[in-house]
Structure formats: structure tokens, C-alpha cells
């Protein structure tokens, strides 16, 4: 394990970040060609909050928050702290004291592939948290790790400097050098969804709108009426 | 796998459906002799909503929503869409566009043994969703499956035309030909629960009300006072 | 399995219980030297409720609530019912009828390493429930177990007479003979957290406040600036 | 739950059973249109054994083997005992005494969606066991269930009288009225696999043999040479 | 967490240990009234080996083997090292070097609620290992824990000085002060099993031998013949 | 998702590959600073086999083996096929036909983050397979994916051209440009382990060999003799 703290991570385009936040996780994920999701196991401890920002990454030993302390110093306004552990950890590695320190630096939330605690206080503070667990189990400060090296969560690589977007659906990661492309694709996707939504509200079927009837036929799917007892 | 879309599934008795909705999942499950539950892993994305309706079933390939499109055409007012996958899937296979299409057809909610997304929008729409996961991960439209064949969720067979009831406790399935029996048994169960509730509010114990003391004795359970250090 | 119901379990100091309740789960857990947590899998069915009280324990056969009936008789004002099963159980072993009986006796909530049901009613009643599952699946009353013998949940032993504290972060157990020590340590911990919070709000870093920079250096952690392409 | 023991379950064609045994689980599963698998969680406790026979089914309360005793009486030569539980159970519900009783009746093995024990003895006896768990945890005999009603394992319905085939790959269920069809399809499948195996041994690629290159092209999959650093 | 190393743990009766080893895990578990199992998740990395010995316990931080080093010094001939972690750990915390050190001290095996590695070498050495995981993931030596305090594995408390027995079925723990009682009960149990085995080999049914027919009747279980189509 | 097949992936140094194979997974993992493990969930279907080779990677839709067909064409002598899926899959995506095709091309084994089948035949062929599941459940050939783009398994990135080593302990990935460094570090590690093994065989303790006694003292770990009853 490389034990290094990388400083001066480049910032993604601020306007792109704000626009990505406005589109939300599901639309961005589609816009990226269905990539970037950190998976179904990272759940928010609050409802109705969407955040987006530059990823500052920390890799910790399970049950050891030393590198979170080091990562906080690397965080600035609008950043999102992203914490992974070397192997799975059920510890409550992040709580309201860390949130207080991060809020001072202008950080809107944390994404952590382990546990959080003080969740009621986090909700009262309006500080966003997406985690695998909620757990009171505390941590030590004993083992080396890294800050701002790539981490993997839910099978997805998060590079420092990438844009992380999180809402009620989960968390998605947009590569730093593809944020412009993602914004454009998300805008197109959102426009297409709006048109589809309007059509669906009028009663059009996806079978017709997406031209799926020939596909069903080609796949050998047939229609037959119900017969009692079959 | 039979790749067929069955049409004209019979409707359960509308009055039975409405009465089942009023009793809720736990009471119905008891009334059915403790059967019918789709298990503890299907959780609602909202709170305080109860739905009931005829099951329209879809069996999909994991990560492939083609058959949901086909199933929507088979849904009408009051129906509940029930989606299973051939093997487990963490994909967000159902989102607000599908909900829009279903709401147009008078469908109050979906039960899906996979993931949903756009959960904040679903809550705003008042469209009910019970799922195994919440996930932004999108899907393809490529593989054949079935509509309105029996599916299995949480070890429970759901036949098309059965009544599905879902609330904060989970989801229960009532066989189409047993809805009358279920309504009667649920009514009896609810009356009995009301009487028990009144008795418990007055301080009666279940040990006495259900005559359990002789059973404890027969099983060899004994009482002994606390001793420090034992 | 010893099949016994132990009566007359001693009461912890009432003032200690109340003070522990005021500190909450995460602080107490730290105060106990990071022990006592019942793990991340016991989750509340409500938000914003904190309870604390003497543990009355029940050990049940999976899917069998006979010993809960026996345990209720052993509960008095302020007690917390703690239910474990011999092996894992997804059954909804606790519902609103049990809650009604317990509320009559002055019990504020239940901690159960299995499922609960009637969750909407439990929330309306203001009766706290922390469980591993929510499930409508009902139970039988057929098998012997124990009341007020030690049980294990999430790897933590809970002795009858211990103080159980539960809030949004989970559940923690304080040994009966260590409640005074726990109160003192929690008070010290809370004071220290308050001071840290104030410092963090002013921008001090944990790296400095806890003197972690020398530790990082000793562990061989180095700082280096970002290099594009690395 | 219907608490009934069904007797006189019809026998599948004996020749079909023997031929299905000779084809093995994976080939039969393909022959059935990729249906019938009891899922990846049922594992054999031995290696290199294949069994096939009429399913005699038992549905038990978790941790309660009463209905296995009742099911054994319904077993005869060549049958396979299939045991499911109402909810998941980690108990060792089946051991060498049951195997002894079944061997007397000519039963070659058991498929159980719970735990087994005495595994070393079972291997010495040559009695096949496919289970979800291995566990010494014992059981009670207290709760009603059923024998020879349909059960669900791994999302697959097993009807009494169906043919169950089990080998190192897992377990597959063939509906009683489709065994002839399954034998024919398995024979065709096996012949096709033999031809494919011969072709692959000569170096032919699946891309060519199955005509997949146009599909790749239609899906927009492109070829590009490696570029360092990309 | 108490960070202490307890020395001079008393030894269980050597003759009892040897006799418990001869009975095996499943029989002992039954003899203890179906208690003592460390659960279905601890699996052996070898087949056909049974060990029994005094438990020397270590409690480690996840991914940190410091306390295993300290525990080895407390091990002597015939002891079994039992390792738990504060929270779940997928690390390969034990390998062939530890086994070499323990073999020098006469220790026949290890029981660890985490991962092991070098499994092929362990099998060649004939050193027994029961673990939750197999994993190459290595560890650090950084965090305090305990040696010879009680630990919990699979919901079972293991006290230092208890007798741990492990075979292909899993691991069972016999309290130090109950070994004589366990030997007697296991002998009785084994004799009873031998008699039952002989009866089953002659074709007697459990329904008759255990007198279960009246119980089935009392529970309302009925017999009915198969009807096609039901 | 990028749907591309990358050709002409560079080869790692052949001598390095062979030497890495000789050191095995656990030693290499340590030599890499405790990185590179694909986690405890990938298990071999055989025992006693070690393979090493250039990684050819495939990313598939769950339950869809189309891209495995495309990947085989990219495999040559000594390569190891590494298969990941977009989301978790319990399908038996790899069987003896694929193994036949790969053996023709000189490939010694496969690493797949999904299921395999035909395991008995694979063992007879001596073709190595490391997988998350064993399952007969078959697949379709319908969805686009990629070949020779980086994939993530167990939180570890595998780049095409990396060296993958697999044995009874699991699977480890060595970056292509660090194979020389890994060989040297593994050699040093192996020499150190040999010396330690010799010392341990003579009875030296890790506490002394690694100088851990001062660390225990600094961490506040104390020794105390056993006291009955504590």
C-alpha cells in the first residue's frame, strides 16, 4: 500500500459541478453510458439532499480514522470527502465532529464505504452522509493509508479530482476530464426524458416509443390469452 | 424459460381488494395461516402508504427492463406491477418514467425484486415502490422474458391475478381464488386483535390470555430468582 | 439450552440510566473504551427517539415468540425488552400487540435481533423498536427458551440488569456494575467533544489537535503534489 | 400454512430419471430453456456424486425437524428428499441418523435449504447431501408443516413428483410432466455440446461458430489496438 | 476495550478433552442441550480432522495480528488458539508462519473469526484451521487488544480455559466447569444414537421411535392422498 | 459503458510471470505492500493448483456471456482470462466448453467474478477456475461489454496486461510495470519467511523476533494472572 498524501489536486470546472448537481445521480449515470455508480449499498442517512463536488479521497485501515484527519486538511469549499477502507469495515468511522471540521471548510457532505454515527446530529446540521452502515462502533488512529490516491467503492474507481454526485438514489462518479461531456449528455438525456415523460403522461407506451415490438418478435416472445388452470 | 405474454388475466373481486387493503399486510398474513409474505428484503421507499391490487407479473433478465415495457401494456386501473428477475439484480430497473406511464393507467405502485431509482420523484408523485435495492444503475432492453406467468419473490409464488397488498411491513400475496376466505379470516383476525389489544391495555398478560403457562410447564421451563454471580 | 425464567433481576441506578440516555449511544460507546455496541445491523424503525433502561432479556427459538410472552411479565416501568434468537430469524416476531402490553407496564421500547411488524402503528404509538428486519412473517408459540439469561447480539453479551441505550445510531449495552463509571466517562467524553467541536468550528485541524503529524511521519506517510498523468 | 401430508405422489418415468442422471445438472438446465436451477447457494458436501430421483418434499419450521420424520415415511427407492423451511435456517437439520433411515428405504440423497451435520459420516456412507449450510446446531420437534406440498428453494418451485437432479454444479428440478421433453432436449443439447467441444478442440472460435460477429457489430462494439497510457 | 493479557489460565481435565474429541462436534452440541455452536460460518480448510483443546483466546483489531503474537506465548501443548476481531475482518490474519510457531508449542489448530492464508501449506502440515474466510490479504501490527478475555464468535461466548472441539461440522465450545457433565451426556447421547441407528437400519421410523404421531395429530396435521391438479 | 475490444495488449516479462507463480499469492501480496488481492469471495473449484499469466479482461452484462466469446480470441499461450460483470451475477457464466476453447489456446485457467459450472469436468481437465459462485444457471448472448479495458473485482483494479496469480488462497494482481519489483520483493519476502520459519521451529516467539513487547507496553497492554470468578 502506498502511504502518501497527494496535495494540490486539480479542480473540476465549477459550472460543470453545479450543473451536474442539478441533474441528479440517475440521469448522470445514464448520460455516462450507464457507468459511474458506486452501487446499491451506499445509502444516505437523510432524504431529499443532493450534493456534488470535487472528490478528495482517503484510504483507511478498517476501524482506523487516521487518514480522515489527514484528508480534511486537503478539503476546501465544495469538495466531497470520499472514504474507502482496505477491507470492509462496520465501524462508525465518521461522526459529527468530523462534519463540524468539514463544514468549517465548506464541505457539503461525505461518502464513506464503512459506517457513520451521530446521524441525528448530521441531519440537524444538514451535512450529507452516504454510507454502507450506521454504527456507533468507534475507531483508533494507528495505521497508515493514503489521501488522494484512487480508491474503489462498489466496483467503481474514484480518482481524486473527479466529481462525485450523491442524492437519494445513491452516488455516481464523473471523471474529471469528462465533466463537460457528462453535462452535455445529461442535458440531452434530461431533455429526452422530459419528452418521454410528456408522451407517457398522454398514454404512449414504451413498447411503441422505443420500437420494442419487433425486438420482442425477433426474440420469439409470443402473446397468448389467459386459460384457467393452464 | 417460456417467453410469453399472457393477456386477459382475470380480475379479483374489487370489494375484496379494497377490504384487504384496509386490513394491511401483517393481519392478512396471519389470516392466511402465516403464508404469503414476500420476505423481509422487499422494503418500501416511502412511509405510510398501503396499496392493494391485481398482480400483473413480469420476469426479466437481470439488468434488462424489456419485459417491464411489455407488462405495462397489460396493466389497468388498480393493478400492481410485480417484477422478478431470473437471478438477483442490483440494477435500478424501475424509475419515474415507468411510474409516469403506470400512473396514466391507474396503477398505484410497483413491487420489484431488484432496484429502483428516482426515489425522491417517486415519493413526490405518491407512487408506491417496494424493492430490494435503491440504485442508479441503468439497464438494457435486450433479452426475452415473460409477462403474467407465475414469478417467485422471497420464496413466495405470485400468480398473475392474485391480490398483492403492500405497506410499511412489506408485501403479501393473496391467491385470487382465496380472496373471500382471506377477507373473512382477516376480519376475524382483526376483531380478535382488537379484543386482545383492549385486554392488553388493561394489563392482561399473553401468558394468561393464550393459556401459555401450562405449555411452559410441559416444556420444562422453570422460574428461579436472580442470584448474584450465578 | 437452559430453559429458565429468572425473576427479580436487580435494577441499575435510576439516575445513571437517565444520564446515560442523555448522552446517547455514540458517546457512551466511546466512554466504555469502544465496547458495548450491538453492531450495525440493528436499525430503528423510527427516527429521533432515544431510550435507556434495564435490560430484560429473552432467548427464543427462531420464528417462535413464546418466550416474549413470558418476558413481558418480567418487565416493569422503564425496562427495555431485549430479544435474541437461537439462530438467525427473519420473522416479524414483535408487533403492536406486544407493544401495547409493554406500554401498559411502562416499557419504552424493544431491541430485537429478528424482525418486527406493524411498524407504522409502532411509530404512531411512539413505542421504540430496533430490529434486524421488518417482516410481516408471523410466529408460533411452541418452543422453550429463556428469560433473563445472558444473550448475545451482534457479538455483544447483554446481561439482564445491564443498561441498554438505543438511538438513531444503534444500540449499546452498559454493564450494570459499570454504570457509574460509564456516566463519569461519558460526561468527560462529552466535555471533550464539546471543546473539540468548538475548536473545529474555529478551523483547528484534528491533525494538530490530536498531535497526529508525528504519527503520520513515523508511519512513513509522505506528502507529494499532484502530477497530471502520474 | 396448510399442515398436510400428501401420500401416493405419482412416480416419474424411471427410464427418464436414469437418463437425466446421466446428463447432469448443467446440461439439463440448458435443455429446459435455462430454468429449474435451485440457485448457487445449495452446495454439495461431497465431490463427484450425481443423483436423480422423484422429489418428496418437506416444509419445516426453521430449526424444527418434525416434518422430516413425517416425510421419510413417504420416501421409497430412488426418491430424493427435498427440505425447505418457512424462513431461512442455519440449523443442522439433517444428519447421519436421517441418512441411515433413508438409505434403508433406498434413498440416495437429500437436498435441503438449511444446514446439515455429520458431514464426514455422510461422505463415508456415500449418501449425497446438498445444503445451504453445514452446522452442528440441533433442532426441536415441535411445529407443524407439510409433506408433499410444493416448496420453493432458490426461487424455484419444486412440486412433489418432479425429478430432482444434483451434482457438483448444484441442483436442478424437472417438472414431472416434462421429463420426456427434458430427456430429448438434453440428448440434443449433449450432442450439440459434443460437436462444439470437438470444434473448439480444433480451434474454432465461439464468435464464428455461433455467428456472433454481426451481433457485436450491431451492438456497436469496436476493435482498437492497445495504446500505452490511453 | 480492556487491553490485558491474562496468564495462567486453568486447564480443563485432560481426559475429558480427549473423550470430547472422540465424540465430535454434533454429538457434544446435542449433549450440551443444543448449545455451544460457533455457527455455520466457521468452516475448516481441511477435511477429516478433529481437534479438541483448552481455548486460548485473542481479541484483535480487524486486519491487525499483534495480539496473535502475544497469544502464542500463552499457548502450550494441546491448546487451541481462538481468535476473534472487534468487528468483521476479511483479512488473512493467520498463515503458515503462525502455524509453525504454534506447532512448536504443541498446538493442533486454530479457530479464527476472520481469514486464513497459506491454506495449502496448512493442509500439508496437518495443522487444523477453521475460519470465516480464506484470503491472502495481510495485516499490520499496530493496535492493542486482549489475550485470554472472553470472546464472542457466532453468538457464542468462548471463555479462556473452555474446551473447544472442531471437526468437519464446525466448532463447539464446552464451558470448563461443565466438561465432566458434557462427557457423560455425550456418552449417553452416543449410546442413544447407536441404538437409534441400529433401529433405523432395521427400518423403524422416527415417527414411531420418538412417538411423534400423536404430536402431528395434536398439531392438526392430516394425511390426504395425491389428487392430480389439486 | 465503453463497448470496445482492445487488441495487442503488451505481454509482461515471461520470466517474471514464472517466478511470481513459484512464490504464490500470499507472498506476492505481502511483497506488494499488502495490495493486489481480489478479495476473499473468489474461491477455487479445485485444490493445489497455482497459475500465473497475463490478464485478458472481459466485462460482461450479468447473465450474458457474449463478451467472453470475444475475449477468447484475444487470449494466447499462458494468458489468464479475467471476467467481471457490470453488477453481481449468480449465473454459471463459464463452463467446460469455454475451457476447451481456452485450453486449445494455451490458457491455464479463468478468474471470474460470477459463477462457473461443469466443475467436475473442469477438475478432470486440470483447467483452473476461481469464481464467486458455482451455479448451473445458463446465460444469453445479447449485450455489449468490453474486452481488455480495466475491470474491478473485490475492490481491486485489474488492467489488461497485468499479471494475475491464483492459488488456494485466492487471486492477486501484479501491475504489468511492477513485475520486476514484485519478483524482487517476493524473493526478499520469501527469504525472510524462511528465516522466520526456521526461528519459529526452534521456538522463538514473534513477540521477540519482531520486537513487539515495547509496542504492547506503549499501547497500554498489561499482563495479569487468571483469577477464578474474576
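Letters A, B, C, D, E and F mark the chains in the order given here, with residues in each chain numbered from 1 onward.
The rule is short, and it goes like this: contacts are C-beta pairs under 8 Å (C-beta built on N, C-alpha and C of every residue); 3 or more make two chains touch, one makes a residue touch a chain.
All figures in this text were calculated on a predicted structure; none of them were measured in a lab.
Chains that count as touching both chain B and chain E, per the definition above, are A, C, D, F.
Among the remaining chains, those touching chain E and also chain F are A, D. At the interface between chain D and chain E, two copies of one sequence, fewer than half of the residue numbers in use are shared by both copies. In terms of residue-numbered contacts, A-C and E-F present the same interface, as over half of their contact pairs agree; the other options in B-F, E-F or B-D do not. In this structure, the chain pairs D-F and B-D differ in their number of contacting C-beta pairs, and the larger number is found at D-F.
Chain centres here are Cα means. That of chain C falls 40 Å from that of chain F. With each centre defined as the average position of its C-alpha atoms, the distance from chain B to chain C rounds to 29 Å. Among the residues of chain E, those in touch with two or more other chains are 34, 39, 86-87, 90, 137, 142-143. Chain contact topology: the protein chains form a pattern that is neither a line, a ring, a star nor a complete graph. Every pair of chains in contact is given here: A-B, A-C, A-E, A-F, B-C, B-D, B-F, C-D, C-E, D-E, D-F, E-F.
Within the complex formed with chain F, the chain A residues making contact are 1-2, 33-35, 39, 84, 86-87, 150, 152-153, 155-157. Chain contact summary for the complex, chain E toward chain A: residues 61-64, 86-91, 137, 140, 142-143, 229.
Note for the complex: chain D touches chain F at residues 25-26, 28-30, 34, 37, 39-40, 43, 47-48, 167-170, 172, 193, 196-197, 200-203, 205-207, 210, 212, 215-216, 219-226, 228. On chain D, the positions that touch chain E within their shared complex are 3-10, 66, 68-70, 72-73, 90, 92, 95-98, 100-101, 104-105, 115, 117-120, 123, 133-139, 141-146, 148, 160-161.
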